[in-house]
Structure formats: C-alpha cells, structure tokens
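The structure is given below, and queries will be raised subsequently.
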C-alpha cells in the first residue's frame, strides 16, 4: 500500500523516535510512504487561538500540496494526533461549509494553490496498520513477542475526538490499540484513563493545572501496575514523560511510568534494536520495563469463569461487546 | 429585462400537506404574489412530468412542485418518487435548453402556510429575474425542434 | 360507471361566484368574474353564471338545486372557499337535485386569492383564470359512486402490554371478538416488570394482574402469546392475517400450569428478557408467577434435551403429559376488520454511552435493572443491594435523561424518566435511607399529581443537582473517592464542577421505538417518523389513527408515554374500532386508480410503486391489475405508466391538463418581448 | 480598542470597532467554521462536567454561552476558560446539542486577542510565539518556544524547565537551528491574505 505521509514538526524534533520507529514498522509491513514535499506546520492547537482563517489556511496549504503530489494514492497519513486532527478538520469544514471553503481557497489562491475538499483522505497511521494491513499480517511479522510486558493503551484525545469525518474508532471507548498490542504478545491492561487528556498546552500555561492532569493519568497507571504506557501522540509522550519528574516534585510523589510510542513497541516485537527505535531517550527510564519482555513470570492461571455456586448471591453483569476489556 | 414582466407560475400541490398549507396561508392572510395558480392533486407522486411540460410549453414561466416533507407523505413514501421525477425532469429540461431552475420543488407541511407563502414570493422573484420563458415551441411547433435535432445529428 | 345520474349530451355548466360577505367581494370583483365566465366560457359549456352573497347558506345551496332542475345543468363550479371546507356542502346540493355529486368542482378564490392578494385588479384576474381552470376541468368529470366496504366485526390487537390489554377488554366487552397477539410468553408488557407506579405508588402487579386474568378468561378474547404476525393482506373491513404461534413444547390443552416442570428443570440461565439480565430462570419457564397464560415455554437453546438428547425431567414429572418435545410452530389464519397496533417500546442501550460505565462498573444499574431489583418478585426479593447481592448502598446517584434529549442518541424527551427517577429516589429513601443525588437537566412533572410527587421527594431530602452527568468513573482522585463510583458533573446552579462519590448509580434510560418498528410499519402499511415511532393520522386531532384505514395505534408505539396515557390510547383506539364495527360498512372516497387492460403492456414499471401492495401482476394475462379496495388513490402509478394505461378517477390526465389550460387564460402577462 | 500585543511580529490584528455596539454572539458564530450551534445550548452542563481543566476555569463553557446570550462582552473575553481549554474535545463529542464547544473556545480566543481583552498572558503569548515561528519559518521551533516562553512566564519553575530543555538537547531531541520550509514566500502570501479575510468576517 502506498500513501502520502505528513510528518509534522514534533516528529522532526522531540518525537524523532516516533518517526524513526514508524518508518521501520512501515518498511516491515510493506507500506510505501512518501513524505509531502515542503509541508508546513499544522498550527497545532495554537494557531487557531490567534486567527481562525489563517490557522485553516496553513492546513489548507498542506492539503493542497498533498492533492498536487498525490500520485497513485489519495490517502494522506499522519501519526501525530494534532496534525491528524487539523488536517481532517479543515477538510471536514471545507466540505461542510461552502462559505468556509471559499474563504480558505481565497487565502490559498494568494499562494497560487487550490484545494478541492475531500480529494485526499486523511488517515492516522494506526488506522492504516489496523484496518489496511490487519492484525493477522502484523502477527506474521512478530519475531519477538512482548510477553511479560504489562502495557496500558493511552490514546489521549485527538486521535479519537472529535468524531468529524467518521473517525475510525469510538470517541470514548476505542479498542484498536489494545487489539494491536495483544497481537504483539503484550499483556494488555484495561487502562481506564486511556482517552483522558495529557494536559495539552497547560504545561506551558499553568504548571499546577498541568501537573494535576498528568497525575490523573500516571497514578492509575501505577495502581494498575502498568510497566509501560503506549501512546500515539507526541504531545502525550512529551507531557507524561518529560513533566513526570516535575509533577512528582510538586506532589511529593515518586511515580515512575515510562511511556513509549506504539511504533516503538511494534519495532521491538518485529526484532529491531532499542537503539534503532530511538528507545533510551526518555526521561522516565524504560529499561526496567523492557527487561521484563520474554521473562515468563510464573503462569498465573487466568481465573476461569467460575461456575456460579448456589451460595453466591451476586447478580449477573450485563453482557458486553467482544472488544470490551473492562468489567470486573 | 422589461420591468413590467409578470411571470405566470403553475403550482402543483398535494391534497394533504401543501394544499392545506396554501389554505393556511389564506386563513393567516399571508400575502404573496398573485402570479401563482395552484392545482390540487392527491399526492405529489401523481405529478406526471407531462403536466410540467404542458404548463411550460403553454405559457407558464415557471412551475412549483410542492408536497409533504420527506418522511411525512400521506401515502408513506410517494413524495420521494416526486423528488426523483423532479430531478430527472430538470435534467431533461436542461437538455432541451430550458433553464431547469424554472422548476422548483418545495416541501411544505400543512402547518407551513407562512413558509409556503414566503417560498412562493421567492420563486416569483427568481422567475421574474429570469424573464419570460422562451419555450422553443412557442415560436416553432414542437415538431420542428425534432426535425432540427435530426438535421444536426 | 354509467347510471341514471350520468349527464347526457353536451356539458351544461353552472358557475357560482361567492362573495363570502366581504371576504371575497372586498378584494375580488365577483360580479365581473361571474359576467366574464358567462361570456368567455360559454363555448366550453357555461350556460349560466351567478354571484351570490353566501353560497354555502341554505339559500345559496337552494339556488344551485333549482338551477340544476330549471336549466338542466349537468356540472357545477363553485368559486368560493377551500374545497376542504365546503366541497361536501356543494356536492350535497348537487346530489339533492338529482345530479351525481362528483360533477361539482370548486375554485378556492378566498384562501388562494382574496385573502392573500392585495392588488384588486390582479386578484380579479387570478379568480377568472381559476374559474376557467375549474370549468375546463369539470367537463372531464365522471359520475362516481363512493366505495362501500363491509366491516368484519373481529379485531386484531398486536401487543399485550397495558395499552393492548385495555383495547382488547374494551372491544371484547361490547361483545365483539378479539385476537390478541403477543410476542412474549405472557401478556403484561413492561408494566409487569415494574415494582411501583408513579405518582400514587400503587404496586404495579396489584393493579395489572386483575386485568391480565380478565383477558385470559374473557370469552371474546382469543389470546395468542408466544406468537407473531407473519403477514397481513387485505384492507379495512377485511384483513387476512397470518399468525405464527411458536412452539412452546407444551400442549396447552393439557397443561394445568402447576409449575412442576419448572421446579424439576435442572438448568438455570440468566433471564435476559423479562429479568433484563439481572434475574435467572429455568430452561422451561413462565416469565413471572402471575403470567397469563400460565403455561410455560421451553427454551430450546438451553434445554439439555435439545442439546444432549437426554434429561426429559419436565416430561417425566408432568402429571398430564403436556410436554411435547416435537411440537411444531402453528400457522393460524384469521380474518379481521380492524387492527390495533400496541407494540410498545424498547429501552435505550446504556452501553452506547461508555462514559457512564454501564457494563464496566458493576454498580451502575439501568432503570429497568433497578425496577427488578426493588421488585418483591425480583432476584433479591425486593432488597436494594449492590451487584454483589449483599451490600446495601449508603449513597445512590440517579441519572436522568440517559440517551434522551441527546442528539448523539435520541433527540427527544422520553417523557417518563423524570417521574421514574423521582419514584426511584423515593423508593431508595424509603427502603435504604441512603443519601440520594438526582442529576437532571430539567424536571418535567406535567401530569396530574406529578409535581406534588416532586415536592414530596424534595421534602424527603433527595439532593437535586442540575447538570447532565459528564462521566462516571471508579478512578479516585482523593481518599473520599476510594472504592466509590464517582459521578462527575457540572452543578450548573452552583456553577462548579463536582465529583460526587456514591455506592450505586441508576441510569434512567430513555424509551426507543421497537427495534423492528420499521418492518412492522411496512408489514401493516403504515409509516414511522424519522425517529422510528409510528405516525399518527393527526398528532393532535386523530392520535390513534393512521393514514391507513382500519389500522389504529395505541400506547408507546407512537412515542414515549406513561401508563395513564397508554391506557387512554388503548381505550381511544378501541372506541374508534367499535364505531367502525357498529357502522357495519364504511364509505370511501372514490379516488382510485384502475388499469385499462387493453392498453397495459405488462411492463411492470408500476408494480413496485405502490406502498399498499394494491398493484398485482396477472401472470396469465400478462397485465397489471389494481385492487380498488387496497388502492388509496395517490396516483403515483398513474403518473408512472408509460403507456397511459392507468387512469385515476377524480384526478385524470384529462382533468389536470384541462385545468392547466384554463389556468393559463391570463390577462396579466403583457404582450412584451 | 488598542491592540496590546507585545509580540512584535509583522502580523496585523483585526480591530473590532465600536466595541460596545458589536454583537459578540454573531461574531463568534460568523468566525467559527461550519455551524457552531452556539444558539442551541440548553445549559445542561455536560461541557463543564466533562472538562479536565474545568475546575480551574473561572467560568465553564456553559456559563460563557449563557453570558453571551445575556449580552455580556468584557467578562466573556476576559475569561480564562478558552485559554484553559486543552482541546481534548470531550465536551464536543458529549454535548447533547452538538454545540461545537472547542471551536467556539478557539474563536473566543482570537476575538479576545484582537480586542486586547485577554487576561491569560501566558497562554496568549504561548500561542502567539508559536504562530510567530510558523509565520517566519513555516515550522514550529520547539526549543526557542519552550525556553523563551519559560523564561518569560515561569520564573518559579525555570530551573526545572531549563533542565527539561537541556535534557532534550542532551538526548538529541531538540534541535537549536530552525528549519525553514522552501516556499516560505508562498506560505506568507497565504497567511497575509488569510489575515485580510479574517478581518472582514
């Protein structure tokens, strides 16, 4: 499968390991990704705070470039949640609102560009891997299963919300990442804060508010004995990783929850080295967690659904869909 | 365009919604231009495209087709058929060189007298803007159009 | 069609222009219209034209009658108000003078001209063209006879909830036969699952079960439970209905309802139907103790005999040999005159809102689970406890509007949840003394004694929080939240975000149309609103009728309702049916389509167009035929027939084309280029 | 109103003339792409309840909408709520009336800047610093961004944040030279036209 790839600023810089590992994963899975030539910043969550038209116009430029450069594909893939959201949201609004479409195209015309809404399909890398490559094909490539590693899937916000353009997953209860991690052989924990905000730009605005929000993610992860949180978003990774120590200082706690990109775990399972995957650059040391891989802890027999004894007074639980991991 | 052009518009209404909306516009004394003449049918599904052709070729400058809102048809779903026929009809008109916007479809429930009156007003002005319909057959008999086409083929 | 009332020879048309006091005459020059018609339309057949102060008065009607006799009129055009107001009046006048009433046509120059036009000159011109249209049209009118259909006095009622029960008893008590078809093993519907009913707190079973037994024993009611309607053919007065009576594996004639089979059955399963997944039942069961009828149903999916071929405990212990493992479904055909659909509702699936944690957190309950929990005949014998079955909650949150008033789910108010939630608050207060928080958007207590009940619950100390609950979680942020469910919401009146720790949450889930309401509507030839509720003929003035004659609707099938409203609708639908039965026959407007066999090419284009299945293809003759009684006269097939083989009475092509020509007689189009 | 933007980039701000007379609701609706559905709010509070930074906001989104209806301008534009919005979109997907809450928050911020009404300087400066880099280079410049910003506004935590910055450099995750896109002229032309257009809305 071939597609255009929009890397975004973070993945050039602080989230370089995400990009590096993703490229390796793409290679293994036979995905042919071509970077959009001369792309510009998507504006993150900041540009639209300053100027609405301009914030969508710069995204419009990226869409227009993608439309021009697309050959043999109409899929534009991003791996950074904010980039993914901004690209799909601008496209969505241009489709939905004719005046807005005219507005953005007016701005684009100043640069000699034009974008026809809907002409590229904005997708997230996880969506491609899960829905186009498929779990079975991923499983075939696993050479070093992640057995023994307790992982918590952490989606954050913008990959699942808002649900414009029929996002590939549920805005509150996504399950694709868990399914993928299970295929890699990891032990997947039902992480209840999986779609909670990492604090976004609050680290730059009010550290107190930010620390509180980071704690809301980290504390339950520690309580669930999660070895490593798995993310899809550079912002989430940065906030949970880089500010964890500050947060600990602020609250007088000593939580230690490393966080890696999903592509890094895929890379590990595919047999790449930690170095190749950019692992080791985190603030929170991930080595103790990764050391558990392959070490089969004593087989804890998964409690077989006990036949309800006659004396058990408890009431039955509601039946849930197959993907559901929660419940007690 | 001449200023004193008064368009003539034929409106098709259904017995259950839009005709009653017209009744209601009357009861509510909602004024609208007298250029429209309404015809009652039981359902917008009764609309034979021939009626529209007849109206346009005989002197109407526009035709308004009205019916119950989608999903509210008295006959369950026949207004959808009217919708499809109208789309096809407009395409045909376009191919014949008649501005398809001279035919307009408006959904109006029995409670929407004010709305129907407003829509009639808008449509009359739209047609006034377009000017008189220069229906081909008014200059030449319909047969000659066919002959012309055959020649050009 | 020819009869004594058919006019012979040339059309002789009388035109009558009404002043309607000043209503018309104040704007339209009625005299001019009348004179012009007499002069300009005489070639078409107008022999006289008059204007009159009030055409609908008895004097006006007598004028028409005497003119018909004196001048030998055979067609009449009245230019007055809307035909929806006085068409019947003028048709009556024509009929009294010996003319077929369908030779009368109206032009609505009041509603469509004088009331909506300012310019008097243009109003008069428009009136003239409308009269011309009507005169042109009336020439092509035909003598018609109203269609009369006899009404079969037997009635089918689908759905044995409280609305269906009420309707069945009302009709049966007048001495007419009723077939009551219920999909579940017992009648009673949702009401049978409830503990108490608001606002009186009557025990639901206490008021319902006497009605149920009355139905069970009524000589005029044929009760078919565990049965579904498979097919409906026919039309008002004469519907042919096919009913599938599913196999119970129990011979009803022999079963005494002693219950020994249930007792001896070794298989216990979770009861997902009546017990909403919170109770249990056996593999052979009656859904509840007071079930009507009281003979059990065997659940083949869970029965050991059907799975492994052994067991037969029920059979062994049955004293009357009423168990029949080989019993097959039975097909029953009945003919009925009218049908009442009281098919009820489904509940919103709380799993669609993962932020409320239903299914994830054991102590989040739905309203129906809670009904069963506090029901004395429920799984805990009425004890209000957490999912562990033992612990009594010390604090309870009740969440209103779950899935209702929400564009992401159901965008309407479910009408009963406020009162239901208040009822829960009262029951929790009375039985556990727990601290109660009710989370609401608006409190809607509109019916009799409802707001008084709200006052009572306030007085009992229930804490009301105005705010839609954002999420429910068990992840604590502080010590007070440890081990609790935390309900997070904005307290919109206090203006702050709150996290309230509780032991138990009850979600007041909304009401939804039955999952198969679309198919049922299609089967019976009625329509559903975009939400999926059955559509009334008129939401205010005819709320239990449908657009299809002879099909009536009652209860929650038309939208969320409480018990009193459902019962009223059951009675109302029954009253409509009884009046049809008493009339013996029904007169229908003769606007119908028919096929001219000689012209029909058998192309079948029209075959799929009819929502009433009135169009049938006759294979032998290779032509299409239209069943006059099923046809409702919409005319869609007439418009579709490429051969022009279908004619529609009252609205024929000739009539409409002639009317168009008439309307084109226009004076206001100046001869400009 | 004067524009009190300290950021000295060559960007032109919209000026809203005759501030007391203008209709803020209409302006917000006009400037929000798509249909904001602001007028459809039923004041249920699912936004304020869902908001992860809700307890630190002076007014919940719901309250802002009510205040907008009441014709209150200054207090709405001075509110910290839009700046504390973390764009998590929880309110957006939960709102029973499908009000585009997050988008309305963005629009409120732009109006607060253009009218000089903003009170949360850190947030506003962060946004403007960010956009300034995008205007200049076409890319965002994280090192400059976070250090410059931290030094200005977070002196209390500066050691920590500088530590973070240094850490990022050490681990090779922050580049100190800015990347400029090739066709920056084109981007700037587009931006300038966009600023003109926004001012007309």
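Think of it as A, B, C and D in the order they're written, each chain with its own count starting at 1.
The working rule: a contact is a pair of C-beta atoms (placed from the backbone, for glycine too) under 8 Å apart; a residue touches a chain by one contact, two chains touch by 3 or more.
Remember, predicted model here, so these are calculated numbers, not experimental data.
Averaging C-alpha coordinates per chain and comparing to subunit A, the farthest chain turns out to be B. Between A-D and B-C, more C-beta contact pairs join the chains of A-D. Annotation: 24 Å between the Cα-based centres of subunit A and subunit D. Centroids of subunit B and subunit C (each the mean of its C-alpha atoms) stand 33 Å apart. Each chain gets one centre point, the mean of its Cα atoms, and the points for subunit B and subunit D are 50 Å apart. Rounded to whole angstrom, the centroid-to-centroid distance between subunit C and subunit D, based on C-alpha atoms, equals 51 Å.
Across the assembly, subunit D contributes 90, 93 as residues in contact with two or more other chains.
Counting partner chains per residue, subunit B has no residue touching two or more of them.
Looking at subunit C, one finds that residues 355 touch two or more other chains.
All chain pairs that touch, listed by label, are A-C, A-D, B-C, C-D. The part of subunit C that touches subunit D in the complex is made up of residues 355, 401, 405-408, 441, 466-471, 488-492, 495-497.
Against subunit C, in their complex, subunit B makes its touches with residues 2, 4-6, 8, 10, 19-20, 22-23, 25-27, 29-32, 34-35, 37-43, 45-51, 54-55, 58-60, 71-78, 81, 85, 117, 132. In the complex of the two chains, the subunit D residues touching subunit A come out as 11, 31-35, 52-53, 56, 82-84, 86-90, 92-93, 102, 106-107, 109-110, 113, 120, 122-124, 126-128, 130-131, 133-134, 138-140, 142-143, 146, 149-150, 154, 157, 160, 164, 167-168, 171-175, 179, 181-183, 186-187, 189-195, 197-198, 201. Taken together, the subunit A residues at the contact with subunit D in this complex read 9-10, 12-17, 38-41, 43-58, 60-61, 92-93, 96-97, 100, 103, 106-113, 157-158, 161-163, 171-172, 195-197, 199-202, 204-209, 213, 216, 242-243, 246, 249, 281, 283. By the touch criterion stated above, subunit C contacts subunit B in their complex at residues 82-84, 108, 110-113, 115-119, 122-123, 125-126, 129-130, 133, 525-527, 529-530, 535, 547, 591, 609, 611, 632-636, 638-640, 648, 650-651, 653, 656-657, 659-661, 663-664, 666, 668-670, 672.
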